[in-house]
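In the part that follows, the structures are each spelled out as structure tokens.
Shared between the two complexes below is chain A, which has chain B as its partner in the first and chain C in the second.
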Partner chain A sequence: MANNDAADFDVKIIKWNVVAFWKWIASEEECGICRFEFEACCPDCRLPGESCPMAEGKCHHYFHLHCIQKWIKNVQSKRKCPLCRQDWSYVEDSSEIVL
Partner chain B sequence: MTQALNTQKSDTFDRKWSDIVRTISSVIRLEGVDRKKWNDSFSDVYALCMPYPVSYADTLNNYLEKFFEQHVLNIKYELDSCHRIHLLNQYSTQWNMFNDGVRYLNSLFSALNSRNAKKGMFDSRQANRLLLSLYGLLGDESKLEVSSMALKCWKEKLIIPLNERLTEAVIFEMQNDRQEVTYRTQIHDLVKSYIEVEAWQVMGQLFYYTHNLEESLLRAERDNYRNEAAARISDSSSTIGDYIQWAHRQLKTARDFGRQYLHAGTQIKLCREIEDRLLVDYLDRLKDEAVHLINKQDFEQLSVMYRLFKDVPEGLSGISDHLQTYYTEQGMNVIHKLKTSKNYQDYITNFLRIHTRYLEITTEYFSADSYSKEAMDHSLEKIVNSPEFTCDGAKAAEILAKQCDAILRKGSKIVSEAEVDERLTQLVTIFSYVDGKDIFLRFYSRNLANRLINSTYISQDSEENMIQKLKACCGYSYTNKLQRMLQDIRISEDLRIKFQLKAGEKNILKVLVLQSGSWPIQRRTAPSFQLPEDLTPLLMGFENFYHSQFSGRTLQWLHYRSTMEVSMTYLKNVHVVVATTYQASILLLFNKQDKVTLEDIMQLYCLPEEDVTRTLASLVESKILQEESQLGGTEYLLNMNYSNKHFKFKIASTMLKDTASDRNNVHHSINEDRKIFLQAAIVRIMKARKAQTHNQLISEVVEQSKSRFQPNISIIKKCIELLMEKQYLVRAEEDKTLYRYCA
Partner chain C sequence: MASLAIQRVKREFKEVVTSSEAENSQIKLEMVAENLKHLQGEIKGPPDTPFEGATFILDILIPDSYPFNPPKVKFATKIWHPNISSATGAICLDILKDQWAAAMTLRTVLLSIQALLASAEPDDPQDAVVAKQYKETPEIYHMTAKFWAEFFAGGNPSSYSADLRQKVKSLCDMGIQSLDAVRALSHYNWDATTAVESIFS
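And now, the complex of A and B:
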């Protein structure tokens, strides 16, 4: 190989087509209520994806948004997280990221 | 009664009546009355009907009735003495005259009519009377309109006594010469008279007509046609074909004659009667002939027969069965000849040819009626799903999916949008007959994924177009994943443009961000894969950008699906090669060193041995790398003399080469999917119905899955057992064939 000069590239990338899946950021794989993956949808939805998002509570428990909404509406829930019994409130900083 | 009348009437009435009688005697004979005479009588009638000083309306009514009675009786005597040959003619002349005369009289007596009507209006029992008259039960007390009174009289005093003779005359005329009935108008008049004498009743039931003239007519025609049909069919000098032609003509003549000269209801009954005698009585023999015609391919003749049988109950069912058998056999012969062909297109072309031919036959000869269409559809289904319809191991669903790919992929020879559309429509036509629509979907979505990820689709519009066609055929849920794949591509395109603005002109990165549920891609990736150092920041840059666009989401890179375009400047002629990320990563190593070993790569990129071996093999096979066996193991070098006639080319990847095992994998996973689909269907049904017998359940499951695939009964049974094990269902204790849903 005549060319030993490292600066002079022999092989050069012109274009790179990368494929990726997007996932919800969560420390868990599945919803604590319906036990379906976040990449699947809640039992009431027919299609996964943007229309069935994930929600995170301040207690760092994750659910499908629809699942936890349904739980909170239930009077017996007393608006507590179904996993740790702390008062439920959504993590707000997710909206900050959008900006 | 006469005495009572005598006491009532006065001189005024007598004088006026004798004037009126003179007028009406002329009118009823249509002899012509001068204006003065008519006007005088009109005002006489008016005066008699006036309530002051004395109303003679009732008397007038009675006298009029008597007048009609006498007049009709006179006509009857005339007809009585009439010879049979002239009877019809005479009757029709008399009836027409009478009918017209009565109409004039009705207006002459309008004063009487309106008085009678008024009287009726104040009658408290009017509602009752209406009801009674509906059933023809109204007694004498009712006052009819003058014209109705006359018609009623004609019926009672003339038609009823003469009915037998009149009927006989009509039947004689009709049978005398079926083709050339001389007294058509007379027959028409007669039938009309029968109907009109009853039609004035509020809901004219035509009771007398249907039970006398019509019934006799039908009976006579029945006997007549029965005899004639028997003679024709046993006549050895004429064929069944001739018989069919004859029957066709007979029916047509009868229909035309009936429409013009008979009552509408009678015409229908008459045609039905003739159909029964000519066709239904010989149904079996005629059907044998139909089979014969089908085998002879004499569709012209068959078409006549088909049209004849259309209105006959159960007439077409047998014929269409045979048609179906014939279609299937013919089609299978064509497909059978292709046995040795390894060209998918041969199967497609031939099937389309069969389809076109059958469609032609169906529309041209059978006016595309539902029976013949069904025969065609069933036979085409059989053909396309038969084991013979297999090319090089691929069944119809796979063949179709491959052909779709060939059309929609870059490099197909079809250029014009219209032709693409036409070809796709043809494929969808075949697709609609295919059983394993889920198998097609599996192959199709994988091909679509490849086209979209590698940007080898001809246009998004064509892709969208095809998806719409499939949607029209199988519904929304069938195509919704395909639709979402296209959507991902559109979103990624927007994203790329935004990212390009941010990253600047020199950006080489293009990212497709996909929804994990919709794509037929495994999430399998070597998680440990370490990108070449200089590439990592690029991806980090995009990740940051992505987070700024979508919160709460992260990206999972699928490097094994990613590709790079790499220029190889070390060669005499510079080449650009399209390679997978793994392949390109290995090539990049040669910027820093002359030779690499398998272990180097594994260590540097943290890839499992299997992946590295396969990637190296593909590079060696395409002659970009050379192997050199050394003591310590194999070393890989760049092939400095590499050349290719194309400036830009793709390294064939060894990954997707093994089609046979690949097909097995697909079929295996499809079987798994079907089981899940069936279980879901069973649970859905049982949840809704709570309890269901075995057979009901099976048939409903079949119904639900029909649009996707034809389920195997034994698999359904297995699924039911599985669900019972999981305690979704239990067998009812009292009835072993019954299942109950466990909530």
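And now, the complex of A and C:
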């Protein structure tokens, strides 16, 4: 019997497709600067994910890190959040991604 | 950089077209050149203002650095308003200058300009002549703004528009171009003699 059972489960794996789903957790769906979803990358990048992360401000507004960096570098910004005009600073726990 | 500008304008186009304001035909946005860098906006004059019933065309240029810098917007339609140049259509509005933020869109810009028509800031003028008239003789300002809206932007005629048209016509009969006539008369509070003198001096 045991042998027969073993024969029944003699499955050969030829190909295995693993599917995973990920999402940035933010109060908004898309970046207010480039208007692309956070799950897509900023217009300067090619691959979404860790190489093009999302950044959160202390005012709880979210942008692609690359987009908000470009805005803050711009004199026009006066270093304020593009959505609420409060002084922009990054939320502490996203600082590890910021580096 | 330039690709971000174009991609964002594409998305904003959709936003304007599907907006409730577009549905109520309060705002409109069209392409002028195929490259999405030159657009034409349209706003309706707000109710209870001299601009009610009129339609104003705006010329919009998108800089390569958009949305990190504001779009360049000016009136293509002639308008009499303290914060808009009656000669060039240049607009004095903080969000088009130092108060621009990257999260603003062409939709919010069009709505802000429409709001500017309803609430002039004569202490921060773009056109000093208009601002002076607005402050010193508000009833003449109102009449003139309404006349310009009717004459240049398809606004509804008012009870005094026949009189004013007659004054314009009397100057045109002297060989003055109608635009110059309207400008001079508006500048000199519709005093035909002074207006004519200013043109021929």
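The working rule: the second predicted complex is superposed on the first by the 73 of 99 C-alpha atoms of A that agree within 3 Å, B and C clash if a C-alpha of one lies under 4 Å from a C-alpha of the other, contacts with A are read in each partner's own complex, and residues count from 1 in each chain.
Please note the rule applied: a residue touches a chain if its C-beta (ideal position, glycine included) is under 8 Å from a C-beta of that chain, and two chains touch if they have at least 3 such contacts.
All values reported here derive from a predicted model rather than from experimental measurement.
*Asks:* In this superposed model, does chain C or chain B come into contact with more residues of chain A?
*Replies:* B
*Asks:* In the overlaid three-chain picture, which partner chain does A:Arg85 touch, first (chain B) or second (chain C), both, or neither?
*Replies:* It touches chain C, and chain B stays clear.
*Asks:* Give one of first, second, both or neither to describe whether A:Trp16 is in contact with chain B, with chain C, with both, or with none.
*Replies:* Once the two structures are laid over each other on A, A:Trp16 reaches chain B alone.
*Asks:* Is A:Glu39 in contact with chain B, with chain C, with both, or with neither (first, second, both, neither)?
*Replies:* Only chain B is touched by A:Glu39; chain C is not.
*Asks:* Determine, under the contact definition given at the top, whether A:Met54 touches first (chain B), second (chain C), both, or neither.
*Replies:* first
*Asks:* So which bits of chain A does chain B touch that chain C touches too?
*Replies:* Correct list for chain A: none, the interfaces share no residue.
*Asks:* Would you mind writing out the residues of chain A in touch with chain C in their complex?
*Replies:* Listed in rising order, the residues of chain A that touch chain C are 32-36, 43-44, 67, 70-71, 74, 76-78, 80-83, 85.
*Asks:* Quick check: in the complex, which residue numbers of chain A touch chain B?
*Replies:* Residues 1, 3, 6, 9-25, 39-40, 46-49, 53-54, 56, 94-95, 97-98.
*Asks:* Okay, in this complex, where on chain C does chain A touch?
*Replies:* That would be residues 3-4, 7-8, 11-12, 65, 67-70, 98, 100-104 of chain C.
*Asks:* Hey, which residues of chain B end up touching chain A in the complex?
*Replies:* Interface residues on chain B, with respect to chain A: 453-455, 477, 480, 484, 508-519, 521, 523, 535, 538-539, 542, 546-548, 550-559, 561-570, 576, 581, 584, 587-588, 590-592, 594, 638, 640.
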